[in-house]
Amino acid sequence: MSPVLRVDELSVQFRLGTETVHAVRDVSLRVDPGEILAVVGESGSGKTATALSVLQLNPVPPCVYAGGEIRLDDRDLLRLSEKDMRAVRGNDIAMIFQDPMTSLNPLKRVGAQVAEVLHRHQGVSRASARAAVPPALAEAGIANPELRAELYPHQLSGGLRQRVMIAMALIGRPRVLIADEPTTALDVTVQARILDLLVELAQRRDMAVMLITHDLGVVAEVADRVAVMYQGRVVEDGSVSEVFGAPADDYTARLLRATPRLERV
Amino acid sequence: MAELTVRDREGSPGKSAEPRTGAGAGLLRGIATKLGTALIVLFCVATVSFFLVRLSGDPVKLLLPPEATVEQEATLRASLGLDRPLLVQYLDYLAGLPKLDFGTSLFYDQPVAEVLFGRLPATLLLAGAAMVVCLLIAIPAGIIAALRRGRATDSGVMAGVLIGQSTPPFWVGILLILVFAVQFQVLPASGYGTFAHLILPAITLAVYSVAVIARLLRSSLIDVLGSDYIRTARAKGLGPRGVIVGHGLRNASLPVVTVIGLELGSLLGGAILTEQVFSWPGIGRLTVEAITNRDFPLVQASVLFFAAAFVVVNLLVDVSYTLLDPRVRLRS
Amino acid sequence: MTMTLAPRAGGARTGMLRAVLRNRLAAGALLVLLLMVLAAVLAPLIAPHDPNAQDLLARLRPPAWHAEGDASYLLGTDQLGRDLLSRMIYGARVSLLVGAAAALLAGTLGAIIGLVSGFLGGWLDRVLMRLADVQLAFPSILLALAIVGFVGSGLWTVVLVLGFTGWVAYARVVRSEVLSLRSREFVTEARAIGVRDRTIMRRHLLPNVLAPLATIATLHVAAAIVAEASLSFLGLGVPTDIVTWGGMLSDGQLYLGTAWWIAVFPGLALMLTSLSINVTGDALRDVADPKAYRR
């Protein structure tokens, strides 16, 4: 199967004054349709910078995409104009962020925020975009979607907000979903349900998912393959059972030892 | 398709969802509380100005020429009602306030309210025009500076802001007169009545507010543009215009709205000076005249008027704040 | 929160000055201010003429570089033949004195009210903050006008009026700082070992609010200078026998058609002073409150 998204030898730098931080160094990754790739690493390992690079959402300046390719099918996203890139965001590739409280605009009804994606990409009127919102919310596991669509983010619980984010990401039927620590900010009991939802939707839609996380438990539970990042590099990449069963890299081994509950896997 | 879940998988449906009728009732109750506070503030202002004016000297002595006889003084005092005990005068004054009865102007010999409201249109026109000028300049300037942060355009806007904030409004007026009325003779230096008369005073009054609002909008927009939900909006594929108009401006306007209310004091002060420079027949100039003429009923009423304007605008700011921000419910 | 100074604030303050000087614009502004202060202090020594001396043969003389100018009157003369430059140098004295004194008075008053209000809380806090609302609703320039108009003009009347009407900003900032400091360890410990409230406020809280206080005070000096000039311009400020920039501008407006320099130079001095102080104040704030700092 050919990957839908391929990152080849990507290098990303942040130039702060005279200092240059090499956030991502020669990183290569690939995700197939229907596959969940977990990218793990400690904070500062470059996993979020890599994820944001796919959509080119790193703040420019100071961010500089110094080298490599990001291929969606045959197109190199790094070579697209900003205008063409906008057509990709939310349409071909969607993203879910860590903190659903701050990731939703506090002053707009959640339904309108979800509808905006359709209005932007499929040229539908705001009214018919709105009509498509309740089914999308329902699919993300939100009860009473018509009522909920009219609420503001602060009126929803954390889990519901993240479901809204998921509905917003998926309403445009993207082929790739990037989820950056989607459950970190949520209650433990809610985390599992959100993960289940993501897995279920990814399978049903044959969607490629790039799941950024620092939680190896999450990886073991949902991912097909895993890439381990350390200091801006991918130090190990393979199927979950391979990597967790027999880590080839010293760092991965240490990481696994530091997570006692993984011994069950 | 998956079955439609009737209950959230999170559990209780809409536990933090606030019924919208309740929000409306809360708004009304909030306004009522704020209104009560406003009335207390105005009562304090009325009281303070009443005693301040009276403790500062005998108005009769100031009104009459020095060679006036004691009898003349007594007659005038009696005709002004100033021979009564201070407390009686005060209660009398308070009793008149709800009916907008502020007494009789010593200089114009007309009811104070009539004099005051006769000058009101000119001041409202000036303030309104200045507000329009201000928003037309400040909003684009603030947005451009925020978007071009750290570049030459931004530095230019910020330099303009600093100069605007530091320049006394009456000197701006003088310079404008010098350039447009004296040098090029394209606009009148003073007077009232036509659109041409309005231009220079409106710009003069607007300068300070332009600086304050442009600066605040810039920093507030920079804050907002760095927030997570702006990143979300960009991740949806929105362009700069969609991001700013759809998500940035309204959020960035919140602190600006608050400050507009608080800056109104400086704007009113600026109006007094602007009206003086351009001989604009508004309440500001009337007040200065009343002070020089020792027309204390008129001074009292003017002070109260300016305070009321401040209080009312801030009340409107509070209300508009709740309309702009669904998270805020008025609480006292 | 805004400030995270260590309880010992002395070292931080000298650090602040150094950081302000690192900002080239602010360093330039400080230099301008320094020159202004020097000019004001040394006025009798450096002013070329007596500011009140009238030379009726040299009335409305334009600046020296002008064809009809006179080299002895560098910036020209006013309608009574008084030297503009000398009057501006003497005018700086009033402006700086009124500005600094009013800010000092308002700052002291505001700091005390803010400390008491924030630290003691309760009904006193509510009353004081309501008082702040009332004070804000009074347009301060109007209040000043009314008081000066009725009490009579005078340098110290203006200082008192501007000082007593300017305390709200100080009080609010100090109060909110104190509210956040109140539960910090060095305060709770001091309370636990029985240190008196007054001592805690003076020894432990005051040093920690000095930085924001200094920032507001700096900006307030500029506001007070402009306010004094406004009052004097309206003829309801400092008495006309004392030279003020505002008074000069008021003369100047009458001669705009014939002698632009009378209204331009004092205004320029006023703007430059206020600008320098504002730039310095902004730099102080950027240093004292990094969160407010925007590149």
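Letters A, B and C name the chains as they come in the text, with residue numbers starting at 1 for each one.
In this text, contacts are C-beta pairs under 8 Å (C-beta built on N, C-alpha and C of every residue); 3 or more make two chains touch, one makes a residue touch a chain.
Quantities reported herein were computed from a predicted structural model and do not represent experimental measurements.
Asker: Taking the mean of each chain's Cα atoms, which chain ends up nearest the overall Cα mean?
Answerer: Taking the mean of C-alpha atoms per chain, the most central one is B.
Asker: Measuring centre to centre with C-alpha atoms, which chain is farthest from subunit C?
Answerer: Farthest by centroid: A.
Asker: What is the distance, in whole Å, between the centres of subunit B and subunit C, each centre taken as the mean of its C-alpha atoms?
Answerer: Roughly 23 Å, centre to centre.
Asker: Centroid from C-alpha atoms only, then distance subunit A to subunit B, rounded to Å. What do you get?
Answerer: The computed centroid separation for subunit A versus subunit B comes out at 48 Å.
Asker: Please tell me the distance, in whole Å, between the geometric centres of subunit A and subunit C computed from their C-alpha atoms.
Answerer: Roughly 53 Å, centre to centre.
Asker: Show which residues of subunit B lie in contact with subunit A when the two form their complex.
Answerer: 1-2, 4-10, 13-18, 20, 226-229, 231-239, 242, 246-247, 250-251, 324-327
Asker: Which bits of subunit C are touching subunit B when the two form their complex?
Answerer: Residues of subunit C touching subunit B: 130, 133-134, 136-143, 145-147, 149-151, 222, 226, 229-230, 233-236, 249, 252-253, 256-257, 260, 263-264, 267, 270-271, 274-275, 277-279, 282, 292, 294-295.
Asker: Of all residues in subunit B, which touch subunit C in the complex?
Answerer: Within the complex, subunit B touches subunit C at residues 37, 40-42, 44-45, 48-49, 52-53, 56-57, 149-150, 162-163, 165-171, 174-175, 177-178, 181-182, 189, 218-219, 222, 262, 265, 268-269, 272-273, 276-277, 287-288, 291-292, 294, 296, 299, 302-303, 306-307, 310-311.
Asker: Could you please specify the touching residues of subunit A with respect to subunit B in the complex?
Answerer: That would be residues 55, 57, 59, 83, 86-91, 94-95, 97, 99, 102-108, 113, 116-117, 120-121, 138-139, 141-144, 147-148, 150-152, 154-157, 159-160, 163, 165, 168, 190, 193, 197, 200, 204 of subunit A.
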